[in-house]
Amino acid sequence: MATIPVPAVRAGRGAARAAWFGAALVALITAVTLSVIVGANPLHPGAVLDTMFGGGTAESRFVVWDQRIPRTAAGMAVGAALGVAGALIQAFTRNPLADPGILGVNAGAAFFVAVGITFFGVTSPLGYVWLACAGALLLTVAVYAIGSAGGQAAGPVRLTVTGVAIGAVFAGLTTGLTLTHPDAFDRMRGWSAGSLLERGFDVVLPVLPLVLVGLALALWAAPGLNSIALGPDVARSQGVNVRRIQLVVLLAVTLLAGSATAVAGPLVFVGLVVPHVVRWTLGTDQRRIVLGSMVLGPVLVLASDVLGRVAVLPSEMPVGVVTAFLGAPVLIALVRRRSATAL
Amino acid sequence: MRLPSSSLRSRGLLAGLALPVVVAFALTGCTATPSSSSGASETPSTADTGTHLVEHARGETEVPNDVQRVVVLEPVQLDTTVALGVIPVGAAVLNEAAGVPAYLGDAAAGIATVGTVPEPSIEKIAALKPDLILGTESRHSALYDQLSSIAPTVFMATQTDPWTDNVALVARALGDEAGADKLLAAYDDRCAEIAETYDTAGMTAQFVRPRDGILTLYGPTSFAGSTLECAGLTIPERDWEESISVDISPERVLEAQADLVLVSATDVTDETLVPDSIRTNAASFPGLTVVDQSFWITGVGPLGGMTVLDDIDRILAGSK
Amino acid sequence: MTGTVSTGPVSTLDVGRRRIVLGIRGLTVVIGLRSALVGVLVLLVTVFLALLALALGDFPLTLAEVVGVVTGQVDGLPRIVVLEWRLPRAMAAVLFGAALAVAGAIFQTVTRNPLASPDIIGLANGSFTGMLVALLVLGGSWPLLTAGSLIGGLAAAVLIYLLAYRGGLHGFRFIVVGIGISAMLASVNTWMLLRVELETALFASAWGAGTLNSVTAATAVPAGLSIVLLLALVPLVAPAVRQLDLGDDAASATGVAVGRARLAAIALAVCLVSVVTAVAGPIAFVALAAPQITRRLTATPGIPFVTTGIVGGALLLGSDLIAQHVIPLTVPVGVVTVVLGGSYLVWLLIHESRRRA
């Protein structure tokens, strides 16, 4: 497993860092603007602007206020949550290939949603949200409990293996359940693709507090993670309470990844790619990585969503399908550019 | 340093393993029965042999004249056989947990399930001792040889062909072509009756299936669409991309407008199954009705067609 | 040929476990005793399971009839059921399981990572993509599906190799490219599954989970023979792979052409997995779990290939029996292997931590 080495800081100077954040913010604003202006319905930008300030037809009001603006808000929340969750999990496991799903968040959410659809007739995204949240939380707790069995605190490697194993079991159960219940399969294949359709404010607002708490915890734990990156012993000698930071990080990841999956379904690749890009361009200071992921995550999600709206007119491609197509080439290009084998 | 020579042991063991395996496979090859159906002579049907020759997607098969125990592997075949009065002894269903669709009525309730439509169970079929098996080339092609060794097997080409053609093939296999003609004539008559009673000329209708926000509009070549048009309604023009249906984004929900808008659902009494995009724009969808997915989409066949027409009748009567 | 069998160390080197030494005309064969015992035991279990597979099924057959078929006395439909339907499926289960287990063992030894499995290099997703394209675009007859799956899987592996190769094959870059390509292919698969009608999506997904439901003699025989041939090649790479297990430096010091050996071994593993996937779809977890289970059963530091193969065969056959006869609805065998394999892994984790505590 590659570890995060002593930083070969690229954007070492303060000015360069400020420039990076400036560019990222510009990218974010562009993404948000595009998300409101561009869509499957060929509405003129002028009409969009008009609608935003009170005018417009019934159709344009529906498109802008019922579809695009809630979607943009959901995309921002989901993107920030996943980006930061990814940064945290990669720092925690010291494994740049970790994504927030390794703690079983996705598998737990999917299983609970499948059970809800099959046995309790749940059909709306709002219903999915609560099921997915419950599933994500319960499974993460199970992973942590089993990973800590035997009395010692769960180390990153142990947690990863446990998460993979338990996640696989529940993924298998979900598959078995949906393959034997065609109606549930039909709904799950839509949910599993990861989508922002029909995610209005009524779906996002309930989980927003969880996301905000998660982000706050992440920012609080980031300095400690810098020390832990040098090794737990070094961290302790610097006065960092390693155990507490680890618990806080796990809680933050659960809240963030669980909420994001609850809203949009599994969008795993975001949590994997965004922290990588941030780390390669901004350096290895965890505080900056967390902040950078908070800004870049929404950019990836919104950009993917916008692309999905226009790629297969008159239909739409779900955002989960597009994120891999946008993120993977970036990832591959970056890893090919660097001659080093680690980061 | 001497390496542990597990390699030599491996070679020995592998040879030991390989030999019986090869022998076993050779055995299965030798015992494979010829793939053609039983009694595959080229003689045309005669009253003496009690069989008739049926031409189908996999060639020609001699089928007994008086079929008593038929197993069907495709919904349209199930529908047609029940409609013709030959209740199958076994059927492959779309939903194993739910069994045979309810719209087929009490006569069909006792049919045994032989697995799912994509993956039927050969052994269950064999255990029923059928004298005719009906399947689909596009789905069950790999199973033809095994099925033929149980009973004469007739395959239709694909499930996307016009269902009236497949009804005719099933009728031919059962030796009851007149029955099929009667069924299809009854269907057309019912269509004409509805068109006349409600003066549907010029009325537009759109069948919509919501899927997680995306709206699937069904066109004139689909089962639901062709039935609507048979009853004299018109499906609004659009580019169907040579497919039975087209997906549209919810932002374009107004493209689904029509005099009569039918939204499919698994539970017609559940109002929340109507997608948000349509409910929010309720003013643009005055003629909205929720219909049952189990026969509007998957009830392909004569009985399903009549059930759909009954539904159209009920809806048009209610909207008067 | 004369042979002597004696237990005890053959030299003054004590490796800490008992071994059997076979001397055949000057050649000495050393076998781990426990490894051999485990292998024989599991082989017996496999034979028992195979007999169960022949006897159980939805077509009712008495034990007398089954015995009659095997001895050649009973003919007609029972003979077809046992020899043409059940036997190919059982033999396929054993061989496919062995192929996957050995491939997993090779992967885990070469990468020195107990969690390595051929899935990370995009084989599973790639073959699924190939199969979906064959199904949806080209018409979907069975030979087309098999070809599509083979081509898709191998194309994915080659693509990853090409993109990751930059003056050498570095593990990290290889894995990252593998994850990237895998994710893209998974998205393509998701998109295609969303667009087709429900029954086709169900059929494709069942295949995607790994299923033996569509295995017939026609598909099992060529696949089985290919696997036997490939497995016969394993002894050629096994010694080099064992040396790689000790580390690249130790390996090249003992004369192993590290780069080439690694490539050959992985290529062999890829071929094994591709053959299985072409017929039965990507069956998960056997490649991951079987080597680990074997290692723990035989208590060896490395992974004994032959025993692993036998264990893998038993695992898949057992899982198929459970999928067919224990679960009331039709589920693909891949679902059973995932649930069982994952549960076993979880149990191991709890068990090992308790022992250490």
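Each chain gets a letter, A, B and C, in the order it is written, and its residues are counted from 1.
Note that in this section a contact is a pair of C-beta atoms (placed from the backbone, for glycine too) under 8 Å apart; a residue touches a chain by one contact, two chains touch by 3 or more.
Predicted model only: the values in this text are computed from it and were never measured.
**Q** Among the chains, which has its CA centre at the largest distance from subunit A's?
**A** B
**Q** Could you see whether A-B or B-C has the larger number of C-beta contact pairs?
**A** Pair with more contacting C-beta pairs, A-B versus B-C: B-C.
**Q** In terms of Cα-based centroids, which chain occupies the most central position?
**A** Closest chain centre to the overall C-alpha centroid: C.
**Q** Mind checking the centre-to-centre distance between subunit A and subunit C? Centres are C-alpha means, answer in whole Å.
**A** 34
**Q** From the mean C-alpha coordinate of subunit A to that of subunit B, what's the distance rounded to whole Å?
**A** So the centre of subunit A lies 41 Å away from the centre of subunit B.
**Q** So how far apart, in whole Å, are subunit B and subunit C when each is placed at the average of its C-alpha atoms?
**A** 36
**Q** Among the residues of subunit C, pick out those that touch two or more other chains and give their numbers.
**A** Within subunit C, the residues that touch at least two other chains are 198-199, 202, 206, 329-330.
**Q** Residues of subunit B touching 2+ other chains?
**A** Residues 94, 96-97, 247.
**Q** Of all the residues in subunit A, which ones touch at least 2 other chains?
**A** 180, 182, 186, 190, in rising order.
**Q** For the complex, which residues does subunit A have touching subunit C?
**A** Residue positions touching the partner: 2, 97, 146-147, 149-152, 158, 161-162, 164-169, 171-173, 175-176, 178-180, 182, 185-186, 189-190, 192-193, 269, 272, 317-318, 320-325, 327-329, 331-332, 335-336, 339, 341-342.
**Q** For subunit C, which residues are in contact with subunit A within the complex?
**A** Listed in rising order, the residues are 115, 163-164, 166, 170-173, 175-177, 179-181, 183-184, 186-187, 190-191, 193-194, 198-199, 201-202, 205-206, 209, 284-285, 327, 329-332, 334-339, 341-343, 345-346, 349-350, 353-354, 356-357.
**Q** Would you mind writing out the residues of subunit B in touch with subunit C in their complex?
**A** 1-14, 17-18, 21-22, 24-25, 27-29, 31-33, 94, 96-97, 115-119, 121-124, 126-127, 138-139, 141-143, 145-146, 149-150, 247
**Q** Which bits of subunit B are touching subunit A when the two form their complex?
**A** Checking each residue of subunit B against subunit A gives 94-97, 211-214, 246-255, 266-267, 270, 272-273, 275-277, 280-281, 283-284.
**Q** Across the complex, what residues on subunit A touch subunit B?
**A** 39-41, 58-59, 62-63, 66-68, 121, 123-124, 180-183, 186-187, 190-191, 195, 197-198, 200, 309, 313-316
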